[in-house]
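Here chain A shows up in two complexes: once beside chain B, once beside chain C.
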Partner chain A sequence: MRLQRVAAIGPWTVVATRVLSVAAALLVGGSVFAFAGYDVPTLAASVVQSSLGSLFGLEDLGLLFSPLILTGLAAAVALRIGLWNIGGEGQFYAGAIAATLAGLNMHGPASLMLPLLALAGFAGGAAWVLVPALARAFLLIDEIITTLLLNFVAVLLVNYLCTGPLRDPAQAVTSASARIPYEISPLLDDLHWGLGVSVALVAIMAGLSAFTRWGFETRLAGANRHAAHYAGIPVRRRLMQVLLLSGGLAGVAGMLEVVGTVHRLQGGISNNYGYLGVMVAVLAGGVPWAVLPAALLMAVILNAGTVLQAYGVSNYEVLALTGLVLLFTAVGERLAYYRPARRPVRAA
Partner chain B sequence: MPGAAVELQGITKAFPGLLANDAIDLDLRAGEIHALLGENGAGKSTLMNVLTGIYQPDAGRIVMNGAPVRFASPKDAIAAGIGMVHQHFKLIRAFTVAENIHLGWPDTPFRTSAALLESRTRALSERFGLLVRPDARVEDLSAGEQQRVEILRVLARGARVLILDEPTAVLTPGEAAALVRALRGFVVSGYAVILISHKLDEVLEVADRVTVLRAGRKVATLRAAECSQAQLAALMVGREIGGRRRGGAGPRRVGPIVLQLAGASADDERGVRALADVDLSVHAGEIVGVAGVAGNGQRELTEVLTGLRPVTEGQVRIGGRVMFGADPAAFLAAGVGHIPEDRLRSGLAPSMAVADNAVLREYRRPPVARGALFRPGAALALARRIAADAHVMVPNMRAPVRNLSGGNQQRLVARREMRVSAQALVAAYPTRGLDIGAIDTMLRYLAEMRDRGVGVLLVSEELDELLGIADRVAVLFGGRIMGVFPAGEAEPERIGLLMGGRAEAA
Partner chain C sequence: MINLLTGVLSTALLAGGVLALGALGEVLAERVGVFNLGLEGLFALGGITAIIAVARGASPAVGLLAAVLVGAAFGAVFAGAVVGLRANQTLCGLALTIAGSGLASAVGRPYSGQPARAVFEGVAIPGLSDLPVLGRAVFSQNPLIYVIWIALPLFLHWLLYRTRHGMNLRAVGENPAAADAAGVRVGLLRFGYVVAGAGLAGAAGGTLTLAFVPSWSDGITGGRGWIAVALVIFAGFRPLNAVLGAFLFGLITALGFVGQARNWPVPPAFLSMLPYLGTIACMIIPALFARRTRRRLLAPAALGIPYFRDER
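Here is the complex of A and B:
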C-alpha cells in the first residue's frame, strides 16, 4: 500500500488516532502476556470486573484518577506554552510537604484550614519550580533538565523529613509524619472530594485557555514566541506564570493526596504520579479538557496493576504497558498525517 | 520536431474548498525550456506536485511516450525520469556534496567509502558539465553551488525532465547566467526543462514556450518569441497593472510628523552597532522609502520603529511623544502597524489557526476582548472580515495559517496591520517573494494608507518600486542614512552609488 502525507487533520481524526493507538498498545501488551503463558481474556475480565464492576473497584480507580488528573493538567498547562515540565513528581512532593507542615502546625476549623492547606500545597509546588522557571525565562536554560533533576532532591527531602524532624514518635516501624488532623469529606467511603476539586480545576484551566486573553497569549507564546513578542505580549512573564501555575497544580495534587488519602507525609506517596502526568498530558495533546479521558485511561492501567499482582504479574510489567501506550500514541500522532494514496482516476 | 516528452491531460485537483487545478493540459517537448507562469496560488505548485507524484490528480492523466503513466509516489516519478529542484534546497547541510548526491539512491554501492563516493560524484559532475566540489560540505557552499548539487542529484537519478522552481531567486546575476547556460546545454542534448518563475524578463529570455496559469486554469500556451512582458503580465493577473501611484504632479499636502528617529543608534543580536545616529522622520500622508542593500541596518531600523528593539542612543517619537524602551504593546497602542520582514518567523504563528493569527493585534480590545475575556466567536467574525478585505479565500478559519499560500499570508498580515496603523505603518519588504499581481495589490494598500493620512515607511530592495510609489527616498548604508531625496528628483544612478556606500560627490 502506498501512503501520502496530508497537510492538516481534523479534531475527530486526532481522537480516533488516540483511541486506535491505545487499543494497539493494549493488543501488543496483551499478546506479550499471552506468550508469557497468562490467560489474557481471564486477566482482562478480572481487571474490568474489579476496577469498573464494583463500588470498591471504582473507589480505588477514583483515588488514582484524581492525582493523575492534576499532575496531567500541570504538564498539559506547561505544554500549551511549549514547555516540558517533567518535574511534576518533585512539585507533588513539595506541595505535600508544604501542606503537611501547615496542617501539623496551624490550627483552625476544617472549613478554613482545608482551603489554606490547598493554598499551601499550591505554593509549595510553585516554589519548587521557581528556580527552573527563572532559569528558563531569563537564561534560556532548558526546563526539561532542571525540573527533572529537582525531582530527586524532593524525594530525598521527603525521606529526610519523615525519618528526621517530622517523624511520628508514636510509630516505631514506618518512617512517616504524624497524622494530619484535617480530613477532606468523603465522596464515597474512601474516595474524597479531591476528585471533585481536580475536575473543577480542569474546567477552570480549559476555560482560562480558551476564553481569556491570558489563555490566548500563552497559546500564542507557545506557538511562536517571536510572534508573541511582536504582538506585544510579555513573553517572559507569561512563561514564568505558566510554569508557576503548572508547579502549583502538581503541588495541589500532593496536598490532596497527603491530606485526603494518606493522611501522613511519607516516602513513595507520589506513586509516580508526577511522571505519569507527563504521559497523561502527551496523551491529551496538551489540551486541558482531554486530560480527563487520558488520566482515566492511566488510572485504569495503574489499577489493573494492583489487580494483576494477584495473578503474579509484577508492577513493572504494568508500568511497561504505560510505556507502550505512550510509544504507540507518539507514533500514531505522526501516522495520522498519512493516508493510503488514492488511485488516480483512469481517463476514459 | 521532437515529440512530447510528457503530456498532462485534463489534470484536476481539488482541496477542501479550493479547486487548485481545473482540467489543465500541458505538453512538454524534449529539447525545450518551458516556463510555467502564474500568480501565487494560481496552481503552479499543485500541478508540479501532481507531475512529480506528490499528489494524485482527481481527474486527468499523465502521458509519457504515448502511454499513460501513474505516479503513486515521488519514487515512481523519479523512476520515470521526472526530477524536481525545489526552491528551498533539500540537502543535508552537514554532509559533503558526494554524500548528498548518493543519499537515498539505489545505485549507491553497498560497500562504500568517501573516496569512492567522491570519484563517482566527480564522474557525474564531468558527464553533466556541472562543476561541483565532491568533498566540500554543503553548508560551506554558496547558493549557486548548492543548486548545482541539487540539479546533479536529480540528473544522476536519470531524470530526462527537469523541473526548477524559481531557480534564479537565490542566485547572483553571474550564477544565474551560468545556470541558464547549463539549462541550454541540457535541452540541446534532448532533455526537457520546466521553469517556474515570476520574473517576466527572465522567462522571455530563457524559455522557448510559456504556459500561463490563473486561478487554477490554464490561460494560454505561447511561444516566447512571439509575446511581450505586458501581454504575459495581463494574462497572469487578468487585468491591467497600474503604473506609478504617486499622487498628482504638484506638491503633496502632508501633515505633521508621525514617526521620528532623532540621533538614534541600535545594536544587532551580537551587540554590534547596526544603526548609527539616524535622523529620519515620516509625516502623516506620505510614503518614505528606504533604499539600500539588505543587511545595512534595515531590520534594526524597522524594529526600533515598532518597539521590538531598544535604541542605545537617541530617541524614537511617535506623534511627538517620546517612546521609552522596547515595548511593542506601547507602539501598537500608539497606532504603529508593522509588516515584518520575515512573516513566518515573527508576523504569524504558523501552527495556529488562521482566525487566531488574524486577531493577533486586536485581541486586547473589544469586540474580541471583553475585559479579561477572549471571545472566540468575535475573533472568528473579525478574522472573516480581515480575510475578506485581503481577498483571501480561507476554506477553514480553524486550519493552521501555514496551509495558506505565501501571497495569501502576506495579504492577511498587511490587512491586519493596516487596521491598527492609526498613525504610521512600517512595511519591511512587503512585496518580497510575491508575483506582480500581488505586488500591485500590496503597493495599492500602501497608497491607500497614505491617502488616509497615515505615515508609511517602506523598506525595499526594489529601487523601481520605491521610486514609483514613495514621496521621499532615504538611502541606508552601513547603518547610516546617506541622504534623503524627494522621489521626483532622485536619480537611480545616484541612489545606486549611495547604496554602495559612495558618499555624495559634489
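Here is the complex of A and C:
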C-alpha cells in the first residue's frame, strides 16, 4: 500500500487522531505497567471507580480540573499566536505569591477582596513573563527556554518566602505562610467556585478568539507572522499582549489554588500544573474550548497518580505516562496527514 | 584566597563539565537541523543509569558507558519520531523531557539519597599536580575532565569544520534539499547525529551522578539540560564556544556553592537562582548589543524544520 500526504485535514480527523493517540499511549503505557508486574485491569478499574464513581472522587477530580483548565488555557492562548509558554509553573507560583502578599496585607470585605486577589494573581503571573515577552517581541529570543528557566527561579523564591519572610511561626513543622483570611465560597464541600471562574474564563477566551478583531489578528499572526505584518497587524504588540495574558491566566490559577484550595502559600502547591497545562494546550490544539475536555483527561490521569499510590505506583510513573501521551500526540498529529494513495503512484 | 580559587575552579570544571557534554551533544543535533528539547530528560536517564550500573558492581567507566547507551537508545526513539516520522520537534522534545524525568525518578526510587557506590576518582599527574591552585583544581581531578574540556571539543571542531563529512552534516542543517540533491543522505545523517548527541547527553547525566554530585535524588538535574540547550544558542552553535560557555556557567554555579559554604550575607535561595538568571541574561545581553547581526545568522537555517523530499 502506498501512502500520500494531503495538505489539509478536517476538524473531525483531528479529534479522531487525538483520541486514537491518547488511547495508543495508554495502551503502550499499560503494557509497560503489565510487564513491570502490575495488575493493569485492577488498576484501571480502581482509577475509574475512585475518580468517577463517587461524589467524593468527583470533587477531588474537580480540584485538579480547575487549575489544569487555567494553565492549559494559558498555554493554549500563547500557542494560538505560535508561542510556547512553558513557564506556566513559574507564573502559577508568581500569581500565588502576589495573591498571598495581597491577602495577608490588605483588609476588606470578601466581595471586594476576592476580585482584588484575582487581579493580584493575574498581575503576578503577567509580571513573571514580562522579561521573556519583551525578549521575544523585541529581540527575537526564543521564549521556550526563557519562560522555562524562570520556573526554577519561582520555585526557589517560594521556598525562600515560606521558610523566611512569610513563614508562619505558629506552624512548627511545615514551612508555609500564615492562613489567608479570605475564602472562595464552595460549590460542594471542598470544591470551590474557582472551577466556575475557570470555565467562565475559557468561555471568554473562546469568544475573544472567535468573534473579535483582536482574536482574528492573533490567530493570523500565529498562522503567518509575515503575512500578518504585511496586512498591517501590529504583530509585536499582539505578541506582548498574548504572552502577558497567558502569564496572567496561569497567575490566576495560582491565586485560586492558594486562596481557594490550599489557603496558605507553601512549596509544591503547583503540583506540575504548569507543565501539564502545556500538554492540555497541545491536546487541545490551542483551541480555547477544547481545553475543557483536554484538561479533564489530564485531571483523570493526575488523579490516577494519587489513587494508584495505594498500589505502589508513584507520581513519577504517571508523569512518565503523560510524557508518552505527548509523544503519541505529536506523532499522531503528523500521521493524520497521510492517506492510502487513491491512484497508483508511478515509481520514479 | 588560594583555597577559594582552588574550590571555585575545581567545582566549575565539574559543574561546567556536565553542561559542556550536554551542550556538545545539542550542537551535533542542531547542526543537522534537529532541535532536541529533551536534554533534561536524557540527563536524568543517564544519571540514574550510571547510578544503577555502579550499584550493581560496575566500574564508573562502565557506568558511564551504560549512561551513553541509554541516552542513545532514548535518542533513537526521539529521532525515530522527529526524523523518521517528521513529528513536531518541540513537542517530542518536551515529551522526552517529561517522560525521561518521570521514568528516571520512578526507577530511581530505591537509590534516592544514597551516595554512588563507586565514583570517578581523581588522578594526580606527577609534577603538574604540585602547581599552586591549578595543581589541585585541575591536575588532580578525574581524567574525564580532560576528555570533556579538551579532547571532545577539539575532535568535534575538527569533524565539523575540517572534514568533508562535517561539511555534509552542516549542509543537512542549513539546506537539506540541496544536500539531498548532492547525494547526502539527509535522514540517515539527521538520525545518526541526533542519536550521537543524545548519547553525549546521557554521558552528561552520568558525569553528574558519578563525578559531580555524586549521588541520585529526584530533580537532581535541576534544569541543567535546559541551561545546556540555552548555551548552544549563546555559543552560536559552535563546539569550542559551547565549552567556553559551559565553563562560564560552571563558574557561576561554583560561585553560588562557595557563597553558601562561606555564609555570604545573601539567602542561599538567591545564590541558587544565579545559573538560571545568568542563562537568561546571557541570552538577552548579547542580543541587545548585536541586534539582527552575526549571532542570529549562525543558527542552522533548517533548524527545527522537518524535511520532506516532496516539498523541495
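Descriptive notes on the structure:
Note that in this section the second predicted complex is superposed on the first by the 340 of 348 C-alpha atoms of A that agree within 3 Å, B and C clash if a C-alpha of one lies under 4 Å from a C-alpha of the other, contacts with A are read in each partner's own complex, and residues count from 1 in each chain.
Going forward, a contact is a pair of C-beta atoms (placed from the backbone, for glycine too) under 8 Å apart; a residue touches a chain by one contact, two chains touch by 3 or more.
Computed from a predicted structure; not experimentally measured.
Aligning the two structures on chain A places chain B and chain C in clashing positions. Counting the residues of chain A touched by each of chain B and chain C gives the higher count for C.
Look at A:Y311: by the touch rule set out above, it reaches neither chain B nor chain C.
When the two structures are aligned on the shared chain, A:Y230 is found in touch with chain B, with no touch to chain C. Of the two partner chains placed by the overlay, only chain B lies in contact with A:L220; chain C stays clear of it.
Of the two partner chains placed by superposition, only chain C is touched by A:T322; chain B is not.
When the shared chain is aligned, chain B comes close enough to touch A:T212, but chain C does not. In the superposed model, A:F56 lies in contact with neither chain B nor chain C.
In the superposition on chain A, A:A135 contacts chain C only, with no contact to chain B. With the shared chain A as the reference for superposition, chain B clashes with chain C in the stretch 171-179, and the other listed options (63-71, 81-89, 171-179 or 189-197) are free of clashes. Overlap of the chain B and chain C contact sets on chain A: empty, with no shared residue.
Listed in rising order, the residues of chain A touching chain B in the complex are 2, 4, 7-8, 210-216, 219-220, 223-224, 226-234, 341-347. Within the complex, the chain B residues that touch chain A are 9-10, 54-61, 68, 70, 72-73, 307-308, 327-333, 338, 340, 345-352, 356, 360-361, 363-364, 369, 372-376, 399-400, 403. The residues of chain A lying in touch with chain C in their complex are 5, 84, 86, 131-132, 135, 139-142, 144-146, 148-153, 156-157, 159-160, 164, 275, 278-279, 282, 314, 316-324, 326-327, 329-331, 333-335. Contact residues of chain C toward chain A in the complex are 37, 41, 81, 85-88, 90-92, 94-103, 105-106, 109, 218, 222-223, 226-227, 229-230, 233, 267, 269-270, 272-273, 276-277, 279-280, 283-284, 287-288, 291-292, 296, 308, 310.
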